[in-house]
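Okay, so subunit A shows up in both of these, paired with subunit B first and subunit C after.
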Partner chain A sequence: MDRELARAIINKLGSTGTPPEFGIEAFTVGLDRLLQVVEDEYLNGILKYNLSSFKLVTGNYGGGKTHFLYAVRNRAFKHNYCVAYVSLSPTECPFDKLELVYKMVALNLTAPQDTSRLATLTDKGIDAVIRQWAANWRSKEDNPERLQDYLLQLPVPDSTSFFNAVKGAFSALLAEDIDGFTEAVQWLKGEEISREARARFKISERIDKSTAFRMLRSLIQWVHTIGFRGVVLLFDEAERGVSISSSRDRRRALDNLRQLVDECGNSRLPGAMFFYAVPDENLLLEGSGPVYEALKQRLRSGFSEANPVGVRINLEELGIEPVPFLEELGKRLVDLFETAYGTKINGVERSLKLLAETAVKGFVLDVSYRRLFVVAAVEFLHQARANPGMVLTERDAEKLLRVTTQRLDRSEQEKVEREEF
Partner chain B sequence: MEGLIGVLKDTALRSQKVAKLLAGYSRLVSEPIRNAYERERMVVEVEKAIEGFAPGEVRDKVRQWLDEEKRQIEAAKEEFKFEFGRQLLAGLEGSGLTVKGQLPFLRCGLFSVRVDFATGRATVFWGPEIERLKSGVKLEPLALAKILRSYDESLKKRAIKDPAEFVERLFTAYRRICLARNIVEGERVFLVDLLSEMVFLMQSEGFRVNPVRERFVEYPRIRFSYDLYILKRSGVRTVGGKGLRLSVANFDATGEKAKSLWVPDNEEGEGTYYSYISFVNG
Partner chain C sequence: MKSSKLVSHPVFGEGEIVDSRWQGSELLVRFQTGLRLWLPRNRVRFLFEFDGDLLESATASVAAIDRVSACRMIEAFRLGIVPHQDVEHFTFGREQEVKVVEDALRNLARNRSDVYMLEGEYGSGKTHLLEYCLHRALQEGMAASLIQFDPVEVSPHRPKRVYRELVRNFRYIKDGMEQGYRDLLRAATQLNFHDHIFFGPVLNKLRRLDAGSPESEVFWQWIEGESTKEYAVEMPTASRVRGAQGIPALYDFSTAADFYCHIITGISCIARELGLKGLVLLIDEAETVTRLWDVVYLTKSVNFMDGLVRCAQNDPELKVVNERLIHNQVRPVPYIYRDPALLIIFATTPTPGEYGYIRLTNAVRHRIALTPLEDQALADAFATMVRIYERAYPGFKLPIEEQKHLLSRAARQSSNGVRAFIKFCVEALDIARLQQQGVLPQLVANR
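This part shows the complex of A and B:
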């Protein structure tokens, strides 16, 4: 691995414990079996036949949901899927407001790319996908007059307005009409555009709550027709609570989710796969408010090698005990750290094992012991680099983990306060 | 002169109160971490009590002491938080209650606990926050474990032993409702309506003759819910050629206690809301 990338990963892991968007394979532990089933059964399996699927990913806060979703994304890229990773949040993107969800999907849609390098801003968004579509077409077709024939042959998705907008953006880009491209993309990203622009591109609809689901379907159908195998949508309820607050919002969100699950059974979502990750399924499917039993029953079956059609992927049950899991993770972190700083860190195995045992024993019901371990381990490796031969005692390990918990708690609190403000 | 006496008496009274509080406080300091929240409450009381003191040396000294104590209490609360999970797990060891989740919300078998570290209190629920069993519980992990154990043991001890007999009772109650409401057997009735009928059937002859509180045999919905779970688990479904059916509740009904009842699906606290019960042919 490239030294700069390794350094960026170590920096991200050491500061927040959340996975970076790139290079995660270097420290993936225990997910291979699940990922292989996703790949064999879905990405390289039924999705090829224009089918679709929905999976619910559950795991504690800091238990590896985002990591899992990024790993799915990387495998999806290998099989030529576009991917959108959407972090759901009560303010910016709650699941009860599908129009906002659509916007975030359009903003984060990404064509297949190399995930072993640092990503750039231009890699993301429906505009980037259109650019790639245009580049691909240009590389295959040297006669621009065939453009109309090509566009005529494209199947029209559920929303004609959506089709006209992507077609308009594509044509404008090929004609080097930057203003036209920007206006069409603006609408595709859910922003307002002028009446003249709407008239120019023959756009008669707005992207609002009544059309959002159709737009999402149209986006999936369009991606499928322009040379990609399909779309993988990764919804991540990344925060401790879910993005839904009131009972009315909850009902709407659950209705949206049910509609999504049910739509996966028909052919209107060709090659689409949805992952919805929640920190506690209880918040979504049970708890003090009303409960959607019909949805709960649809999402109940467990996904595994033995049952690949199951819906629920439980990251708390990876088939590997917590301490060996963390020990393995520790080894990967040492490799990464050595690459990042071009140095050998010797004799840290016992200390990392102790750190793993202490994290599991003492912090299993607190902030996720996995995230806690990662942040503390990186800090320890920095210390060991500065003081070669350094060994942790049980007391040191506990102290390090406690300080790390407080730091993570504080930064989470600050994040919540920022959002509330 | 009289005014001065009054001021001195008042000061003496206030001083006595503060001294008493401080004496109580010193007992709490013997276990500083365990009593962190109690200490915090007492510090607030001392703070209130010295408000009436005239500015001066005594007031300043107490204030200084309070500031230092508050710092120590914060540290003790942090320590308490670290120890809480470990001690709760230790307290539940051997109980058969599996603990899942992350603080502040934990699922303990068929129960759940919401912990509030800011106030030092916890709430115990039946199922995943389905019914509030006890709120304002002092945040003492071993005591909390004891409460959970006792709820669990009591539930299991009083649960039905003979599912066939229970399904018969359900059927009797169901038929009585059908008869009273003039509805055809096979129609669905609310489970909660059936619960009232079940309670009535459980009463002794003594209660019927003289329905006083002392003779009343209670049957809370949690026990009913647990008994239905035992019944589901047993596989006993029929009585007199009729099969028992439980109908899953819709979204709105799950929010109304009169229209739905949560019944566990397993010992790990997963469950389903049901609205209706019926007995149908076959």
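This part shows the complex of A and C:
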């Protein structure tokens, strides 16, 4: 692995413990079986037949949900899927406001990219996808009439307005009409545009709560028609729990989710796969009333076993015990660390094992023992690099984990206050 | 199933049913602790002993199915859903209900409009039966539309959205080809509907419209209930619908129930005049009528549902402007146009304490209650599911003894509804397959 990339990964893991957007495979542990099944059965399986699927991903705070979603994203890219990773939050993107969810999907839609290099995904957004679509056509066809024929023959998705807008953006780009392109894209991203622009592109609908679902469907149908295999949508529930505030909003959100699940059961979302990650399914499904019951029946699993093709993927049941899991993770971190700093860290296996055992023993019921271990392990590796031969005692391990917990709590609190007040 | 009198309660434990009342909706249970209590039926879980040998006499109904369809069905089963295009191949133990539906369709073919209510708990198979009705209606030469109410997207207090959804899902078969709403109206331009307040001028305009003009697409979008006012009315563009059309607007306000009922009954008359046997309107999640939090919206929602029911019952009082129902104040019209050929089937989950639901159920004369499936139906469904699964995953085989064992376990789940039964079966098959492939360890499966 490239040294710069390794150092960037170590920096990110050492500061927050959250996974970086790049190079994630270098420290993925225990997910291989799940990812392989997702790849074989879905990305390279039924989605190829224009079918769709929905999975509920559950895992504790810091239990690897984002990591799993990024890993799915990377595999989806390899199979020519567009991906949108959307972080749900109570303010910016709550699931009870589907129009905001659609906006975030449009903003984060990403055509297949190389995720092994040191870069965050910059070419994001529906505009970037349209640019790539136009560039592909420009490279193989410059006859305007034939391009017009191509546009005419494209199947119309559920929303004619959506179709007119993407067609308009495509044509504007080919005609090098930047203003026209910007206007069409502005509407596609859920922003207001002038009446004249709507008239020009024959856009008759607004993107609001009553049309958001149709727009989402149309986006998926359109992506499929322009040469990608489909769309993988990754909804990551905010770490602070349910991203929905009032019980009424909650019911609406669950109803939206139920509708999404039903759409996947039928065939109106060609090549689409949804992952909805929550820390605890009980937070989502425990409630009374028709909406809860309807969703519960669809998303609950009949078995407690980890079934990788079942509707619920439980990241707590990876088939590997917590201590061996952390030990394996520790080994990967050592490799990364050595690459990052061009040095050899010897004799840290026993200390890392002790750190893993202490994290599991003392913090397994705490929030995110996995994340805690990652941050503490990186901190320890820095210390071991400065003091070769350093060995952790049980007391040192406990202290290191406690200090790390306090640091993570503080930064989490700052983040919450920054976002919500 | 044997021992069907045994039940389990989350608090009181296991017990035996000794009596029932209110048509079985409440059960008197004697618990093992000696406690005797009257409990609502849905608060207890039935304990069944299922005879797995029924599998030997089971009939797998799917004869030939391609792999894509098999995969689609299996993925939908994982969510507890049957894909709508496969519904006819996957309907079991509903002979009585199907007969009622067939009779209703036959009556519609004889020009007898009516309305039915299909009731059942979540997961009992209501949507499934509606899908079945849709397929049968299309096969019988009727126009049909299946819509699903939704508190946000398609709420009954906004009749225009209901109309738009009806239009979007509108289907009929002609000369072996599936046709839609536009096809119906194009064909209707040959007919005389000048007395219909909406279709009269609409068909008139369509007769004069150049199909290739930009104005044409705009006009169609407008007819279909999309808002086009931004560019069709005010903007001086090539696509503008010029001049006064003499067509009433498709009102977007909630009091316009009369207008949309008039249109829906009009569609049924057009369908009949074009040689179809009427219009079948299937409304799923009709209990949405009760899910409105604003009392004004609830009233308007109930009014629209009431109007729809009485339209399908061809109530003569609705053939004139009727003060007992809400009318739009811009241009009040009778709810019913001519003699409609309309069959409406609502599917609802019983919500007996809710005002909207009570109003709806009181108005509907025919009810179809979905009860739990019989043993043989479960065995047939299971045998079919195994066959579909084997088609979706070539090479997968499960020994018959294991199938019987699995069916017995799955049947116990059926007391939680058909959906739970289907999900359990498919997950068990998944686990068995993944074990055979070595993806899952054997010990996981045997727990």
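The criterion applied here is as follows: the second predicted complex is superposed on the first by the 401 of 421 C-alpha atoms of A that agree within 3 Å, B and C clash if a C-alpha of one lies under 4 Å from a C-alpha of the other, contacts with A are read in each partner's own complex, and residues count from 1 in each chain.
In this text, contacts are C-beta pairs under 8 Å (C-beta built on N, C-alpha and C of every residue); 3 or more make two chains touch, one makes a residue touch a chain.
Since we're looking at a predicted model, the values are computed, not measured.
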If subunit A is used to align the two complexes, do subunit B and subunit C fit next to each other or clash?
-> clash
Regarding the shared-chain residue A:S53, is it in contact with subunit B (first), subunit C (second), both, or neither?
-> second
In the superposed arrangement, which partner chain does A:K124 touch: subunit B (first), subunit C (second), both, or neither?
-> neither
With the two complexes superposed on chain A, say which partner A:P308 touches: subunit B (first), subunit C (second), both, or neither.
-> second
Could you say whether A:K103 touches subunit B, subunit C, both of them, or neither, answering first, second, both or neither?
-> neither
Using the superposition on chain A described above, determine whether A:H224 touches subunit B (first), subunit C (second), both, or neither.
-> neither
In the superposed arrangement, which partner chain does A:Q259 touch: subunit B (first), subunit C (second), both, or neither?
-> second
Determine, under the contact definition given at the top, whether A:R298 touches first (subunit B), second (subunit C), both, or neither.
-> second
In this superposed model, does subunit C or subunit B come into contact with more residues of subunit A?
-> C
Have a look at where A:H79 lands relative to subunit B and subunit C in the superposition and call it first, second, both or neither.
-> neither
Between 25-33, 115-123, 169-177 or 205-213, which subunit B stretch has C-alpha clashes with subunit C?
-> 169-177
Using the superposition described at the top, list the residues of subunit A that contact subunit B and also contact subunit C.
-> 290, 293-294, 297
Provide the residue numbers of subunit C that touch subunit A in the complex, in ascending order.
-> 68, 71-72, 75-76, 78-85, 122-123, 150-153, 161, 168, 214, 217-218, 221, 226-228, 230-232, 234-235, 237, 239, 287, 291, 293, 349, 351, 413, 417, 419-420, 423-424, 427-428, 430-431, 434, 439-441, 444-445, 447
Contacting residues of subunit B [partner subunit A, same complex] | 78, 81-82, 84-86, 88-89, 99-103, 105-107, 127-130, 248-252, 254-255, 271-273
What part of subunit A is in contact with subunit C in the complex they form?
-> 33, 36-37, 45-46, 49, 51-54, 98, 158, 160-161, 195-196, 198-200, 202-206, 209-211, 213-214, 248, 252, 255-256, 259, 261-262, 264-267, 290, 293-294, 297-298, 300-311, 319
Subunit B-touching residues of subunit A, taken from the complex the two chains share | 60-61, 247, 251, 254, 280, 282, 286-294, 296-297, 316, 361-368, 402, 405-406
